[in-house]
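Structures given as structure tokens follow.
Same chain, two partners: subunit A is paired with subunit B first, then with subunit C.
Right, the complex of A and B next:
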């Protein structure tokens, strides 16, 4: 049986097959069903990150971002997430203990509304011998799937206030909510506030069906820092070690029964207790860690000069299925360009000279030289 | 970058000087105070670890008169009656009443000697909250403090420095009168800049920065060393002269098509995978989808 063929758009695809689906799912702008497990997914705002966590962030789940040392790139990813919510027309909820949420919202990146060029096709010089391969695109090191889901943003410009005010945003600023309350109160106040917003906005399905459904995006920057009243980052054996984990458990329960997504960032480089960090990772569905090269001695390593940091995928959830599709390349590096936050595979350059590559392979400390090296610290010259 | 911080051209914020037992950062702190006084700013000093006499000896009497000195050395925990300043007064409400006692419109600098003392007696989250409110509120332009990094757990130091706008780590230098300062500054846009400089402090508390900064990654110097040129030192010639290169390019390769045929073959084909199906007479090609009857 030959399926009737529909032509694809302008993108270069290997196949022109299109699945004919009858969608029985509710259609909310900015979401689509996942091709892997049929869950409703939203874009995180960063297309490479969408590819890594299985096409997008499933509605009802939590994404944990472990912050880099100076909290610059994790804040950027959170801003991308919020900007994507503004563009898709979702509602936003932002809770912060450090900066006021309105200040964070003024710094969202501006969207690039016209399509970006899909790669420098014209600038390839003519090949003399392999000319049949001239027009084929180069091997992609950037991770992307064939269909685009999500928008691109220009980091150097701020989002226009008109676009931003079109979105409904709820803010929770901790100094306004508590004065002399003990520790557990700040997290439970936050959870209660989230529940209140979900109930009022009708995200939990209690609203009449006449009103169109929408998704609530929750952003929680720097959770677990001392400004929330938690000494998790300051001590090895914190006095209230369960406060944050109880909050995360409650948050996930609230999210599973409503149409909302949460992204939270935790300064994990300050948490020394591996058990607590493991618990926190388990309680969130998706978990990634950003490690920036700024301020460390890796900044001058010539292998890392194109990138701003490394990205580790710690956990990917199994939602209604037995196995998930993990990215097959574990060494990932990210780069914040003006128009894109790209996540690429980190690959070693070819081994041109004996001394140069051996020295730098040893300094990678096993981070990128997993499958290919055969004993890094060894003698340099093998004489036959 | 160190001199810019001392001159106060950066716009304030929270500056933390991290020192250790090998090199005390107190003289650097004094030079910051002196520079601020020279700029005619209002300087409040909360001295937990320094006696007034010692301060007079270091700074000089005239400076001490212009400084708003809060004696927290005598009775920091309030054991006797009427303590001049206790450590428990380090909360926003008390500090605000202290700092707004002057009606001047000059920028206020709050100097704390040291944070380590406060952290021993108050919980870190309370200290962080106070510092954050000092940073956000308009009362104080710059908050400056000393932190002894070897007195606390590494994470405690990290959590306090996480809030800071600039962190200066001082360490002894190679020569006896010099010291090395590593500065990390976080600009409002989120950009991080860092520098490592050698400096020395003269007797009148002015800081002189040596012109040649210490390179950040001095161990990486050997990696960029001469890349071995593989075409050198061989018994045969691997290089091409210009004439030889031109002759090589002119050579016509076998199995090469003419230009028109090449471009005809290279013209982009719309969609490389097309299924062209012509139903046969025997085929039962029904346009309907058999799954339409399913009712799931």
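Right, the complex of A and C next:
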């Protein structure tokens, strides 16, 4: 249901003031209505990505992540998404053609469960002068919102099995499903499986109202890769170029009529035909592309030394209104730190000394950085 | 309905040209706000509208039209609007659950090679019983309950994504043009979305939506082409619209072109000449 909250028969306000009506709506944990347009949104697990796509991922929509070359950061974002689902108590659906979904689930990052707003409790000494303020809570300096919408994760640790097993996860592992089925049956088998799970779990509103509503999070890593039986990534003119797009259309039909949200990653750097990528992007709602610096000469470029890669926002949806929530800036870069996946506006590092800048400016001009707006004018060193 | 766009196109709900094919296209932008404009425009004009909603669900169009002052549910109940929500009904067809032969309109989902004959039959059936020439009139006058029929398609590129060939889509649009525009003197509005640069020469055959765009541009009377700004991304100006009038019905074969910039608001869109955005002045 990408319809706004009003259609669910409630009078839900964006403020904390709740009218005293007999609203039959049971609020779903881990979701909240968007401030901009009242859509029900969930967190993607990465708080800066939530901010980019307008507060969170709207329920009933698809987020497409175009993979980076070695598929490391896009898998990380997908794991954040799944881990967020575990913590919020949502149900999970994971479909994979390469690794078994259970293996992917064992690698989810561990959540940082202690309160991030509270600083170190080291100084427990009794206050001597301002003792009246002893028992008051410490002032928050970090910009953490009061309602814990997103969580933070520690990438160096794995999620505890107890936490993980509390979540209900449905798995679709392609080698178990495909028998000698003809080419491209894998996508329809996947769609059928998703539809089954949604129907049985009551996510499409057919469940009796006594049962509490929940959100289904669908993760589809590396869709469109040759392991799915698709030659989209192998040839310039694929034989069945519309199999993946038909699946995406069916996925959109399924999601719009149920309380579920999907994140899928596609190896777009393998797809030669740009028109197909355009079709795929249009059939998904949100689309971002990750471009990591690993293995390219940008890794050692002093311009990018603070970041791990660039992030491009390809598409932001218009849901039930004419407006989209466009990001402020289009030149964004990401960095995977141990406790956070940050996405920031790309900015130049400060020029500290004269000699260093003179040497490196020639290299920078030749690198044709996307973030800068100055034109590259060759290797001339103007010396006034 | 956007009043500024009406002024640009020199139309109003009381007075608009009939028998026209209007092509809305975009290149790396999103022209769907123009489809909402035309939907609310023709509903306010009292025409009988047949809307093929391929890209989004009914609630999306309904929510947007609410903000533009038109209620789609009421129009559907009154019989003014016939809405084919393909997204909703496609799931059964795609998963091959039920094989009811009632709705042949979505046959192309089951097998794209079949073509769009079923969809065309659906369109013809919905625009034909528009009350034009009611039988209880005694056949004297053709006073219909609603005005001339209008067909709106959002959007044709989805058909290409689902595997239908460009030739079938061009045939479908030609058949609809003949039925709706020539025979019934109604209007037709379609949306085609393209990707990539215009002057790219591919080695193989041209990409599907480019061919579709060229074929439809040849046939249409009015095109609105939406693009991003050539100078880059701007928060206050969302893009530019190029309005091109092609052959008119009268004798003068003028091809007029005008270029505007636009910004989409919550309840509409504003159009202004290049460089006169309120953010700039």
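Criterion: the second predicted complex is superposed on the first by the 292 of 384 C-alpha atoms of A that agree within 3 Å, B and C clash if a C-alpha of one lies under 4 Å from a C-alpha of the other, contacts with A are read in each partner's own complex, and residues count from 1 in each chain.
Quick note on the criterion: contacts are C-beta pairs under 8 Å (C-beta built on N, C-alpha and C of every residue); 3 or more make two chains touch, one makes a residue touch a chain.
All of these numbers come straight from a predicted model, not from anything done at the bench.
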| item | value |
| --- | --- |
| Touching partner for A:269 - first (subunit B), second (subunit C), both, neither | first |
| First, second, both or neither for A:130, with subunit B first and subunit C second | neither |
| Partner chain in contact with A:175 - subunit B first, subunit C second, else both or neither | first |
| Partner chain in contact with A:246 - subunit B first, subunit C second, else both or neither | second |
| First, second, both or neither for A:295, with subunit B first and subunit C second | first |
| Touching partner for A:225 - first (subunit B), second (subunit C), both, neither | first |
| Subunit B versus subunit C as contact partner of A:236, first or second or both or neither | both |
| Partner chain in contact with A:71 - subunit B first, subunit C second, else both or neither | first |
| First (subunit B), second (subunit C), both or neither touched by A:192 | second |
| Subunit C versus subunit B, contacts on subunit A by residue | B |
| Doubly contacted residues of subunit A, that is, touched by subunit B and again by subunit C | 2-4, 7, 236 |
| Complex contact set, residues of subunit A against subunit B | 2-5, 7-8, 13-17, 20, 24, 70-72, 75-76, 98, 128-129, 131-132, 134-135, 175, 183, 225-231, 233-236, 267, 269-272, 294-295, 297, 299-302, 353-356, 359-360 |
| Residue ranges of subunit A touching subunit C (in the complex, touch as defined) | 1-4, 7, 188, 191-192, 195, 236-237, 240-242, 245-246, 248-250, 252-254, 256-257, 274-275, 277-279, 282-283, 318-324, 326, 328, 330 |
| For the subunit B and subunit A complex, residues of the former touching the latter | 123-125, 127-129, 132-133, 153-156, 158-159, 162-163, 184, 186, 190-192, 194, 216-217, 219-220, 222-224, 227-228, 230, 253, 262, 265-266, 268, 271-275, 277, 287, 289, 296 |
| In the complex, subunit C residues that touch subunit A | 30, 32-33, 36, 56-57, 59-60, 63-64, 67, 87-88, 90-91, 94-95, 109, 112, 157-158, 160-163, 193-196, 204, 207-209, 233, 235, 264-269 |
